[in-house]
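Chains here go by letter, A, B and C, matching the order in which they are written, and residues are numbered from 1 within each.
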Amino acid sequence: MIELVNVRKVFNAGRPAEFTALSGVNLSIESNKVTVLIGPSGSGKTTLLSIIGCMSRPTAGRVQLAGREITSLPERFLTDIRRKTFGFIFQQHNLIKGITALENVMLPAYPLGERHVPLKQRAMKLMEDLHLSDKAESKVEWLSGGEAQRVGIVRALINNPSTIIADEPTAHLDTQLSHRFLGIVKRFKEERKTVLITTHDPLVYDDPVIDRIIRLRDGRLEVERR
Amino acid sequence: MREWIEKQKYIIDFTLSSLLRRKAKNIGLLALYTLIVFILASVMFFTHAIKKEASLILDQSPEMIVQKLVAGRQDLVPLRFVETVRGIRGVQAVRGRLWGYYFDPRFGANYTLLVPPPTAQTGAAGNGSRRVMVEGEPDRNAEGSAGPLFDLGADEIGVGSVVIGSGVARVREAGTGELMLFRAYDGEILPFRIKKILPSSSQLVSSDLILIDEADFKRLFGIADGLVTDLAVTVRNPTELSTIASKITRRLPDARPIIRDEILRTYDSIFNWRGGMMIVILSSAVLAFVIFAWDKASGLSAGERREIGILKAIGWESSDIILMKFWDGAVVSLTAFLSGVILAYGHVFFTDSVVFEPALKGWSTLYPRFKLIPFVSAEQVTTLFFLTVVPYSVATIVPAWRAATIDPDSAMRYTGE
Amino acid sequence: MILHPTVIANLLASLTVSGMILYSAYYGLQIVRHWDLSSGSELQLTLERRTYLISTILSYVFGLELLSLFLYVFTADSLCPLFVGAMCAAGTLNVNGFGYPALLLKMFDFFLAGLWLILNHADNQAWDYPLIRKKYLLLVVIAPFIVGEMVLQCAYFLKMKANVITSCCGSLFSSERVEGLGSEIAALSPQTMLWMFYVSVAVTIVAGIHFYLRQRGGYLFSALAIITFFVSIVAIISVISLYIYELPTHHCPFCVLQKEYHYVGYLLYLALFGALVSGGGVSALIPFRTIESLRTVIPALVRKLALASVVLYSLFTATVTYRIAVSHLIM
């Protein structure tokens, strides 16, 4: 359960370029549900996602994660919560080039200082689940778009998070791969993970796996539809 | 603790792979860094080794030298000084020495002329004009003075012959058996036969040396009997040196005693000064390098910026990125430092400092070709570390921190491949 | 002034460290003034980012203080041929009135920087940064000391003139001439001093183990650790050095760093300084153990520090005992 109370985010406060990305957002996201966030670009989706995902702090308002107030936590602790609670899947996959798929998958676990052997075993197991075992030792630039996204998904899962956040996951995928992605989302739901997706894609927000749709415009929530 | 070590291992591993991925960017920095270390290390190794050499030679020279001053200028010492000095309590032995310089206008070179001590009489306390021992001479500059590297006595040279140093032989392209002409004080040309060439050992001093017989020496410079260049004094207890020196000046007001330690100190100062001067001159190069390093570290490429954004987005924290940058700097510094030091070591001790020999050694065309004894101390390495690695590391702190505080959500805002 | 590469390195190091500490103290003051964790304003976010920079800088300051401490002694050692009567660092440091004060201040600054890092480490583990104001005030207090060290060091090197007659370690720390603290230390009876040293180390180690197991008597242990540091330094001058040099009159705390004595001095001093900083850190942290967010952090941390201090003192004592046992000097 993630609760946002009256959250505001202002950039460049007090300067001519002042810009309010979010103004007074009240929202609660239930656990073990798939929630979709839609809205035109510039509506504040990414800002909202980054506040929910503990990547940045709101200028005002409160954020509670599983009943714990996290608004006033310094970066050090936000990061700690983030890496244990959230897994991120990005639109651009955001894989680091020049190293192998396996290394990319293991990267989020490096700062935690886990022993190498169990970490590698876990990474291989997760890759196997998404049929990537034979790509583990390939450099990421040799992967196809679908494979790259699945590597990104495995990376999001490496620290076993309870919540998956996906930013425009199907933007660069064809229909078949998009369906495959939704299949993975379904599995997350079965594993009782919370999923939060931003998207423009009707294929995603019309899918039966979605529990709830939230619309955002000009930094405010619109009335909910479902 | 185990977690901490594992974490360092992961981060070092990742840093190394990032460095290798950006070879092109890093190779320039590494080359420049190595060059800076190399130059500074060469200067320091060279001055230090030459200082060491000079002090080794001086160790063998007499503890005290007594000169005579006339109107503030050095003059020849009359042999009556010997008796007076020997009369002072604590003085073990006094010996008169004959030596001087000869300028050869044809080659533009200065030779050091020296009358070697008669072998048979070595060890016996001299009592007059015939007992002339040569143990070394205070030189005009750092070239040092001669140690007992000539085991040839005066008898072996013989009237009409000379023994020359390798530098003299090199400049004059002279070989054993050839004649060497000298112009005496009265204009008369005196021929001397080269009897032997001294081997070019590690000793700095033997290079511009010419050993000559006492009679020839006096004939060449017109020195009357009963006069010597200076006196070499040995004392029983070295701690009494300064007391004896003051007694000498009291009994012989026109004498000037010079204690070996003072010479050593002067040489040390000269070489420290030269080395320090070079460092000051080179500091502009270090500064330029530091600015370059700062610039390089601040000017993150779009790719690097994006990579750090990704790392932060997937759960790396600012201090993890700073740690990564620290290891990055440590790897670069260590590589540059080690290779720079090793190259400089080879340069100074195996190639005789080909690059800046002229700048450091002096100006004499006769300057010796010698091999320095390899000598590197922890102090030099620490100094070098402070002059190169510390400025580099400090210059990269702020850029590393700037890079580390890139917003984690920048990875989400990134569009376009 | 003597233009020597090592002197230049010293001056460069102290200027750099001073610059870094002034820079951090400036931003430290801003943090003291404007810190408000509950705010999400951009100022607060900027300040929070600054804390990363300042901790990084302070880690460098700590490292540089330690390294430059050795560099300083090295320099003094390598300059001694320039001074009549100076036979090692002890004599060179005495060529003017700034040499020893600079050395002592350097050691003190190293200690302060170490304490700051310990406080910082504890604070960074509490989600509300409860020590943040105290920590940055301490930084503002440390800054003048480090600048003072720089001034003393510059004065020492700039006023240095070659050929000044100075006392070498033979006379400075020799028991024959009784004047100055150095000779008074040397004049202490070696046997008594050796006993004092062993007793104080033993008491400290016992107190440390007691604290580690029972978590009581932290202040006592910390005070003992600091006292033992001074006792150990005095013992090095008055008796341990004699055994290491195997000379009954050579009381010098610097020559142990030389190659002739297998660089044993580095081991001794590193252990001693480490034991001082970790032992002193215990009493710096205990006052804050009741703060809610530090309740679990501090007890674990002080235990670790106490253990580190005990281990380092044991290492120091074991090394000293070994050197005494193999020494040919019989007293």
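The rule we apply is simple: a residue touches a chain if its C-beta (ideal position, glycine included) is under 8 Å from a C-beta of that chain, and two chains touch if they have at least 3 such contacts.
Quick caveat, the model's predicted, so the values are computed rather than measured.
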Note = Judged by C-alpha centres, the chain sitting nearest the middle of the protein is C
Request  = Among all other chains, pick the one whose mean CA position is farthest from the mean CA position of chain A.
outcome  = B
Message = Distance between chain B and chain C based on Cα centroids, please, to the nearest Å.
response = 34
Note = Distance in whole angstrom between the CA centres of chain A and chain B is 65
Message = Counting only Cα atoms for the centres, state how far chain A is from chain C in Å.
response = 49
Numbers and ranges of chain B residues touching at least 2 other chains = 318-319
Query = For chain A, what residues touch not just one other chain but two or more?
reply = 75-76
Inquiry  = Using the touch definition from the top, which residues of chain C touch two or more other chains?
reply    = 49
Task = Quick one: which bits of chain B touch chain C in the complex? Just the residue numbers, please.
result = 43-44, 47, 55, 261-262, 264-265, 268-269, 272-273, 275-277, 279-280, 283, 318-319, 322, 326, 377-379, 382-383, 385-387, 390-391, 393-394, 397-398, 400-401, 404-405
Note = So, in the complex, the side of chain C touching chain B is made of residues 2-10, 12-13, 16, 20, 49, 52-53, 55-57, 60, 64, 67-68, 70-71, 74-75, 77-78, 81-84, 162-163, 259
Task = Flag every residue of chain A that touches chain B in the complex, lowest number first.
result = 46-47, 49-50, 55-56, 75-76, 79-80, 82-83, 88, 90-92, 94-99, 103, 107-108, 110-116, 155-156, 159, 167
Query = Any idea which chain A residues touch chain C in the complex?
reply = 11-13, 57-60, 71-77
Inquiry  = List the residues on chain B that touch chain A in their complex, please.
reply    = 2-7, 9-11, 14, 17-18, 21, 306-307, 310-320, 407-409, 411-415, 417
